[in-house]
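Two complexes are shown next, each including chain A; its partner changes from chain B in the first to chain C in the second.
Here is the complex of A and B:
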């Protein structure tokens, strides 16, 4: 080999070896296989009724003729889909809802579609969707894959929904129910004591009994002295109606604040404090009873609300949220969002809009304290 | 499934587990995995301990074989030095480290040809080409253009230094190559620790962690002797004028870029996050939901 060739070979080898690790990056830059944004089905994310609508589409696509016929003559029908899944359309002739095997095992493998009201027995598992054109009432300790009703839905005690539930009316869940996935109602949702949930949506979501007495309802909040930014210890900046506070902050009871508050440390609002603005706290926050915040409340860690607090706007926490008895988030005609890792609610609370407990939420049973407790 | 009245606790436990699995079953019986935008990774103490252990073991192992690697590098450099006709010779020097150990480092004994007018103008030409190329690049390659301009500025400063103070440059090929080889030895030894801090903490299996570590270490082990022998050949033939350019552009920065390139590739490998324990156990589940083939209402959606 000539010296020139040897040198060329050596340099080609060295350069080639040095560039080899850059090949994957070069290939990605040319083909850009990983440059596309994350795929999000927009309807699924923004429309809480997405599953319900998809299910209606499914019925329209596969069972329109049978549903129309049953509607016309009032007689029940049963059959199988193309893949062998059984279905039952319950007409006005009150048919047996289960086969002998299903009744024996107390497990239903068929789609159950009722053209009117539907009442289901207790301690039964429904592994396919259940639909009722009217009201739907289930017995206690049932397990449902998914439910859809044009009328109200009443779940018996300790029932479980696995994927989704939607009603065009109101939902009432008995004590101890577990509502996994999405649960939505056009009118309202009321959960019984000890219920677990993940994602709820309704104009009014009531936790616990209808008339749970609260220690205070927040009407008297802000009756004390009005605080200015200069009254706040650690205040470092004030502008555009927002006050920034370094370190922890504690506000005396009954005080009134008419600006937005950003606290870098912990925040403690005394009993009956009123904030006519929004509050943001980077660490833990604790609100005494009867605190009123007109705007949003955002917390970087855990958040605890005393009894009877009212939050007008979104309530967001990176950690856990504990709502005391009789707390209200949002208002009638002013739906908002409560989102946190885990949510614990004492009886008597109301949220207008959406509740999203990312790792699960729970309504305390009678006699339990407001301490967060999640299985 | 046991009867509730017979085994209430077992019933509840089994039922809860089965419900947990069924929650993640789609219409067709398949597993509905969460959208990757929703996935989060938690750093648990056992991950930290595992990462630290693997990193320390591998770095410690490198220290043990470092002198053998130096011996290998000596042979590689001696072989290629002969092939490319670089004058001089290779030798091994030993630096004592404590009382019982020494660090062996291959040393290239070689001098550089003097800086002549032609070589000085060659440097000017290199700077001009770099500058010109930076302006010819398309706009989407702006980062590369700035890198070329920085390299051109660097070479211009070298030109000025060697014109203003000829003979004042304090470094030679032998010292340069030796220092770079030592730096290479320690850089490779640091690779497991760097990956321990930046890669092992993610959800990659042990096999993948070891794979990327060995990939980087083996690549650099083969690159270092070849790269700095190439530097030596260039400096020998083009004079010391080009040493700053080679050092700052194609020296340690290139080795670090190699690390980053392989690291980025390894980061694009699929981790275990999308196959968390729940999903794995779900696969083992004897599903109560039968397989179906009809268009699902909730199949396309992410869980939650």
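Here is the complex of A and C:
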């Protein structure tokens, strides 16, 4: 090979190698296979009732005629969807909910749609959605894929919902239930002892069988000394209605604070402290019994609330949250959000609004004490 | 062409002088030593930015993701004012006002304040019509004279705002229904002084430039901003699709009307004042990106100048600050220097080539510069950040356009360098502030295609 040819070959090879990445680039620029703007509306992420709404849309799209006919004559119907999934519309004639094979295996493979109330036996699995136009009651130790009811839903002890549950009325979950995915109720939710949950939404979510504590205005808290920013130890900066404290902070019992508080270190609020503002703590925070915070409570790590605390909300923690007995977050007519990595609640607590436990939440059983897991 | 020219120039220099020149500037000459050390320093800084960008990218791929305010869907929502500065925006102003009237937010707690900033088109008439139809929500502010620029308009209008929370949208943006709640939620944290959402181009499919800008924006927000949020560093308030706590901003001096980047300026003053900027990656809003290169060049030059102004103002304040944490401070300083890196990089290349021709070929210097330049240039994010952003967004095909970004980055490199060098000229330093509004194509009206 002549030197000129070798140089030309080397040059061509180099140019070709450099231009190689431009081939797929040029092809994409010409074909525009991925030129649409990024889709930004994610209703599934923000709407707790998203799946319930989609299921209603699904029923309206595929089974309206059969549901209307069953409604008109009161008789049950069954059939299959285009993908082969079976369905049963239970009318007033109280049909058998299971085929022979299903009854033997104690597993329902069909969509169950009841035009009125629906009562389900114990220790069965329901692999498709269950809907009731009236009340829906399930026996103990059942497993559900998803549930929807226009009336109240009562879950037997140790039942499990895998994806979502929604009722236009109230939900009562027996002891030891596991509620995975989204659970929402238009009126209220009450969880029995030992229940596990992920995302709950209702105007009132009661943890445990005890009655919801009466509404109080928190007057019993903050009966002691009123603190000003100058009373706080450490390096303190005050401006725009907010007090910034470098380092850890401990507030004496029964003290009263009427400004927003930001603590860079750890925070400890004594028994009965009242804050007429919001509180932020970048590290761990511990609230004594009966603490009242009128505004929000934000914690960068783990948060522990003593018994009977009242938080106006929202309550946000990037670590774990432990709610003591009888704590209340939000208020009647003032729904708010509790969000944390893990949430542990002692019996008697109430949250008005939404609870999000990203890695799971748990209502303590009788005699159990909650510990924030400092992983 | 170029070799001919070079040979002609060398021929024009007398042979004996050329020999003397190379003999003088040879090994061991103080000038060569200085140039070598300058190159080392430049490569060091480029490597620092390289590490920073890799840290961000790895954090986004494998680190813990922080979205501390995303879950707030129920709350006692505070009163908020949404300001829409508008200078000759007749083509788009009605779209955003209509969108704001349809948002999911308690109507009695929402005020929409279009700020008609010296418009001489039909912007005022359109705003007045909205105000007449929705007097309970739309409360316009008219500005007929005064200093040019968004910061001046915001500063003047803010005096008439009676809520503590203010959100700001440019007129060509299209907020979704849930966006106001999402951007308001971080203010429940009393440490948050500003909030920033994610900007998503709507006119992506217009041409290659818009597609490249879409990739750049994705890298800047999806990776860079979110990583800074994850790592408790310094997310940046971007002036639109975001907001400020009025009391906090006033405490640190209000909007700086002398700045070309009032958003970056506010970010740093809030940081120095002990306030945080929260970034909400899932609070997305469509925008129109420039569709022509001249508009793009003007935009990035304005950003560069404004950012450099902020660097000069706050660099030493940030260095001396005792309130800002060490990592936060380091990130804040590096963020201040991002636009300065363009001319620095060009100087680095010039030095490397010059030293090579002088026979000072330190092992690997040019290779290090080449590799690190590849990973450091770009005004928003680097190549691997863009690729990561495309992956996180699930936009697998558009990642193929990555090689074309080389041209976009070169344009940015020279535009930013020119703007930065120009700022240092004595006749520029004391000159009047020149505000150049970014041109938008009104055909899309902020709505995405398809």
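We adopt the following convention: the second predicted complex is superposed on the first by the 321 of 375 C-alpha atoms of A that agree within 3 Å, B and C clash if a C-alpha of one lies under 4 Å from a C-alpha of the other, contacts with A are read in each partner's own complex, and residues count from 1 in each chain.
FYI, contacts are C-beta pairs under 8 Å (C-beta built on N, C-alpha and C of every residue); 3 or more make two chains touch, one makes a residue touch a chain.
Only a predicted model underlies this, so the values are computations on that prediction, with no experimental measurement involved.
Undergrad: Please work out whether A:318 is in contact with chain B alone, chain C alone, both, or neither, and reply first, second, both or neither.
TA: second
Undergrad: Between chain B (first) and chain C (second), which does A:21 come into contact with in this model arrangement: first, second, both, or neither?
TA: Both partners.
Undergrad: Counting only touches as set out at the top, which of chain B and chain C does A:337 meet: first, second, both, neither?
TA: second
Undergrad: Is A:240 in contact with chain B, with chain C, with both, or with neither (first, second, both, neither)?
TA: After superposition on chain A, A:240 lies in contact with chain C alone.
Undergrad: Once the shared chain is lined up, is A:207 touching chain B (first), chain C (second), both, or neither of them?
TA: A:207 contacts neither chain B nor chain C.
Undergrad: Considering only touches as defined above, state whether A:163 meets chain B (first), chain C (second), both or neither.
TA: The answer is first: A:163 touches chain B but not chain C.
Undergrad: Check whether A:98 is in contact with chain B, with chain C, with both or with neither, and answer first, second, both or neither.
TA: neither
Undergrad: Between chain B (first) and chain C (second), which, if any, makes contact with A:32: first, second, both or neither?
TA: second
Undergrad: For A:87 in the superposed arrangement: first (chain B), second (chain C), both or neither?
TA: A:87 contacts neither chain B nor chain C.
Undergrad: State which residues of chain A lie in both footprints, the one left by chain B and the one left by chain C.
TA: On chain A, the residues that contact chain B in one structure and chain C in the other are 21-22, 24-25, 28, 34, 38, 40-41.
Undergrad: Using the touch definition from the top, list the residues of chain B that touch chain A in their complex.
TA: Residues 19, 22-23, 35-37, 80, 83-85, 219, 222-223, 226-227, 229-230, 233, 254, 257-258, 261-262, 264-265, 268, 288-290, 292-298, 300-304.
Undergrad: Hey, which residues of chain A end up touching chain B in the complex?
TA: 3, 6-7, 10-11, 13-14, 17-18, 20-22, 24-25, 28, 34, 38, 40-41, 44, 50-51, 54-55, 57-58, 61-62, 81-85, 107, 109, 125, 127, 129, 143, 145-146, 160, 162-164, 178, 180-182, 198-199, 358
Undergrad: Quick one: in the complex, what on chain A touches chain C?
TA: 21-22, 24-25, 27-29, 32-38, 40-42, 45-48, 201, 237, 239-242, 244, 246, 260-262, 277-280, 282, 295-296, 298, 312-314, 316, 318, 330, 334-337, 339, 353-354, 356
Undergrad: Can you tell me which positions in chain C touch chain A when the two form their complex?
TA: Where chain C meets chain A, its residues are 66, 68-76, 176, 178, 182, 185, 188-191, 200-205, 208, 211, 214, 218, 245, 247-248, 250-251, 273-274, 282, 284-286, 323, 393, 395-398, 400-404, 448-450.
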